[in-house]
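Labels A, B and C are assigned to the chains in the order they are written; within every chain, residues are numbered from 1.
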Amino acid sequence: MAESVEIRPMTFHREVLARIAPDLYMQRHLSLGLRPSLRAFEEFRNVEISDGRLSCASEDSINREGNNILGSNVLKCGKTMVITSITGGVVEENIPVKSEENEIVESYNETDRAANFGQVYPVVEVERGRVGAPTDEEMTLSQRIYNCILHSGLVPKTALDVAVGVRSTDAEGKTTITYSDEQEADGALPTTFKFRRKWTYTLYAKIQVFSRDGPLFELCWNSLLYALANTKIPRAFVDERTTDLKIPISMRGRSAAIRETFDIICDPTSFLPLRLNTSNKAFASNFAVIDLDPEVQLPKDDDDMQDSMPSSVLLADIQGEAEEASVTSTISVVTDGVGNLKHFKAVGGSSKITMDMMRNSIKLAKLRASDLDRKC
Amino acid sequence: MLSAQTGILEQVDGSCKLQCGETTVICSVTGPIEPKARQELPAQLALEIVVRPCRGVPSTREKLLEDQVRGVITPVLARYLYPRQLAQVCFQILESGEPEENYSVKELSACINAAFVAIVDAGIGLKFSFASVPLSVLGEDEQICVDPSQTDLIKSSSTHVLALQLAAGGQKVENILLFESYGDFTEKSMLQVLQSGEKACVETALELRKVIQHKIQQDFVWR
Amino acid sequence: MNITDRRRILGPANAKPLVFDKSMGPAQRGESEEVSSETGNDAMYIENGIVGNSNGSSYLEVKSRINDKNCTLLLTSVYGPRPSRGAFNAKATLSVQFREVTLEKIPAGQLREVCTFLTNIFNAVVNLERYPKSGIDIFLSLIHSSSGPQDYELESIITTCVNGITLAFVDAGIEILDTVSAGMYKKNITAFMKNGTEVVGFWKDDDDNSASEGIMDIVEKCKEHYLQNRKTMIEYMIRSSKSSN
């Protein structure tokens, strides 16, 4: 009757354990003072960046024609690769007819902070070997980056204004382009062409991620920042033959005037760097808070080490399936090197986020930001 | 400032209409119910969160709100009680109370508070109570504004949302469930925001407890 | 019905794309560069296994021998063989997806044609019988392509795709009958295997330059290019397997 049951410990290969019991795998590593990636707790991964020479405005571009990428970045961090390309568009702003006579006054709007900043429209795509509509992750990433760009005030609205020039053709068929801000150099402006319209650039960012290996917001944000830093916007002009046409129309007894839209043409040889608010340039880092489970710690050689073990630890730069799966509390900081924060997000899951950990994460993020800023 | 009614929808298990200043939101909770195959979790309750904007159709903005609400609700629900089941939490924003294209703090905070009351109304197990407040920091002297009005929000240099996990009758702060800030701020001002936010959260929690107390009194009125 | 995309942030609806003035572009300066010798090799840079979460991947950077402005950067990843749902299938099903990662300039109709062409080639090349009840998905991510005056040159893109997919299959360890590679001549592409004795794909576009030439001559010319490409690929594979040992 009494059948002896023998209990034998099971052993798994490293990868198998990481897949079937990520939390145990994680705790075993942590008790050794290491992480599954073999990094120390507060160690970041190295980031490699390049502009990929994709932009048509860059000096050594691999392609200048038929290319309207204005800024680009390729960021590699561990296995993950993020490719960001910035493209542009032009919007003619609706200015009420009445204000046409008045000079459009550019001043800092005290009552609406966000109105002073320009936007960038990001679309994040993460390759995952599936086709279909954007996933929730891609959508929340895009929206978070969008919010963050707007509220950080990185792109001043005035930087997106188009200083429109005029292209004139003289009797010999030679064309010259005159920009209003270059007037002083050229002497008097030949024509009294004055625009009663206002155009602004819109910037789009396409962010493509390969080999997703952990949270992506920080990588995408940093890549976008590098791409914006090397973004150059083309000078634009209209042909002198275009005139400010107003077409009177009447419809159902009401009359109105439609203004013909101008064709804005971009100059493929002359670019100006995008003027960013450099004081608002901030880099992103992420952290995780994880509780140490005393039951699965590996036995220590010397016993006096046991009691000095903290109950939870802060990990910098989350990487890999095991870390992401076993971590519920995360902190994400967007800051510059001296502590001007632009975005902060702490999500407390099952592990408690203490004040010390928040302070510590900001401290580390500042160091990281000044390090990343140097790569620009 | 804050007012809420429970049980306003009849077809769902729990519901709540919550008004907080200029923002109004209806939350409905259905569950535990049978999930779709792809939602099912073997050992825990799965969550489906839907946010509908006050006008127009949902966009990425609402997706981000859903993600933030999920981050708050997931750790406080006693999810182990309902393995292989699903809870649907839906929000309909009635009044946004903020410029929608640029801000979402007031909606988010109202959604989190409404979710708390609606989950209690639905009778789904909760491990902790929680409450949330929106905050903004105004001007040069870094004046902290709890539950900012629309004009204060637009003027502010930074906006914050704080959601806390509370214990001991909503008096003691256990953990930060969500603390999200945008704008221009420093570590010092952020920690100050956190401090005044904690106080405001405890107050909000007491308000919410009153709503629940009232609900229970109504439920057992025949006794 | 509202048909705007609500899952992406699209920006203002009245924005117009930037239009560059073609008449004064840098193209005017380098007209003479167009003519260059048709001999010599393409400059090809290969790297395998870049995409971590795929089963196999390859990255190809090709600079054309004919036109030094022609440059194609392509990242190919293969997912599979992975279980496919539904009815039992004795053979694996192959799918090809093509995406432009940075600029989108190729019309969707042409992309579909390219995908069908590539699917047909690799249906003949992959040993599909070995992987029953599974799906193999190929994702082509075109990072960059340029070709002087044209916006894009489909021929060099397709050639790179064929080579990229073969390398990705090798990286994934999926059984193929031979190292398939493609060769290009003017606007014609031929994909070969078995040392150029078997043709697995042929693509011909409207082209006045090669209209007078016989089809066999064109295939021969493509074969020269194929042999070069295949040599480069095999050299890379041998080198990388040596360094990993």
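Convention: contacts are C-beta pairs under 8 Å (C-beta built on N, C-alpha and C of every residue); 3 or more make two chains touch, one makes a residue touch a chain.
Protein identities per chain, from UniProt: A = Ribosomal RNA-processing protein 43; B = LAME_0E06832g1_1; C = LAME_0A05094g1_1.
The structure presented is a predicted model; accordingly, all values stated were derived computationally and were not measured.
S.K.: Go through A-C and B-C and name the pair with more C-beta contacts between its chains.
M.R.: Of A-C and B-C, more C-beta pairs in contact link A-C.
S.K.: Could you say which chain's mean Cα position falls nearest to the mean Cα position of the entire protein shown?
M.R.: The most central chain here turns out to be A.
S.K.: From the centre of subunit C (LAME_0A05094g1_1), which other chain's Cα mean sits the farthest off?
M.R.: So the chain farthest away from subunit C (LAME_0A05094g1_1) turns out to be B.
S.K.: In angstrom, rounded to a whole number, how far apart do the mean CA points of subunit A and subunit C (LAME_0A05094g1_1) lie?
M.R.: Spacing between the chain centres: roughly 30 Å.
S.K.: Can you check how far apart subunit B (LAME_0E06832g1_1) and subunit C (LAME_0A05094g1_1) are, centre to centre, with Cα atoms defining each centre and the answer in Å?
M.R.: Between these chains, centre-to-centre, one finds 50 Å.
S.K.: Mind pulling the subunit A residues that touch 2 or more other chains?
M.R.: As it turns out, subunit A has residues touching two or more other chains at 139, 142-143, 146.
S.K.: Return the residues of subunit B (LAME_0E06832g1_1) touching two or more other chains; collapse runs of consecutive numbers into ranges.
M.R.: 60, 63
S.K.: Could you tell me which residues belong to subunit C (LAME_0A05094g1_1) and also touch two or more other chains?
M.R.: Where subunit C (LAME_0A05094g1_1) meets two or more other chains at a single residue, that happens at 7-9.
S.K.: Can you tell me which positions in subunit B (LAME_0E06832g1_1) touch subunit C (LAME_0A05094g1_1) when the two form their complex?
M.R.: 57-60, 63
S.K.: What residues of subunit A sit close enough to touch subunit C (LAME_0A05094g1_1) in their complex?
M.R.: 52, 54, 62-69, 72, 79-81, 83, 85, 87-92, 119, 121-123, 127-129, 131, 133-134, 139, 142-143, 146, 175, 202, 204, 206, 208, 210-213, 234, 236, 263-269
S.K.: Please output the residues of subunit B (LAME_0E06832g1_1) touching subunit A within their complex, sorted ascending.
M.R.: On the subunit B (LAME_0E06832g1_1) side, the touching residues are 60-61, 63-64, 66-67, 71, 74-75, 99, 102-104, 151, 154-159, 165, 174-187, 190-191.
S.K.: Touching subunit B (LAME_0E06832g1_1) in the complex: which residues of subunit C (LAME_0A05094g1_1)?
M.R.: Within the complex, subunit C (LAME_0A05094g1_1) contacts subunit B (LAME_0E06832g1_1) at residues 2, 6-9.
S.K.: Can you check the complex and tell me which residues of subunit C (LAME_0A05094g1_1) touch subunit A?
M.R.: It is residues 7-12, 14-22, 24-27, 50-54, 69, 71, 75, 77, 79, 97, 101-103, 105, 137, 139, 141, 143-144, 146, 148-152 of subunit C (LAME_0A05094g1_1) that touch subunit A.
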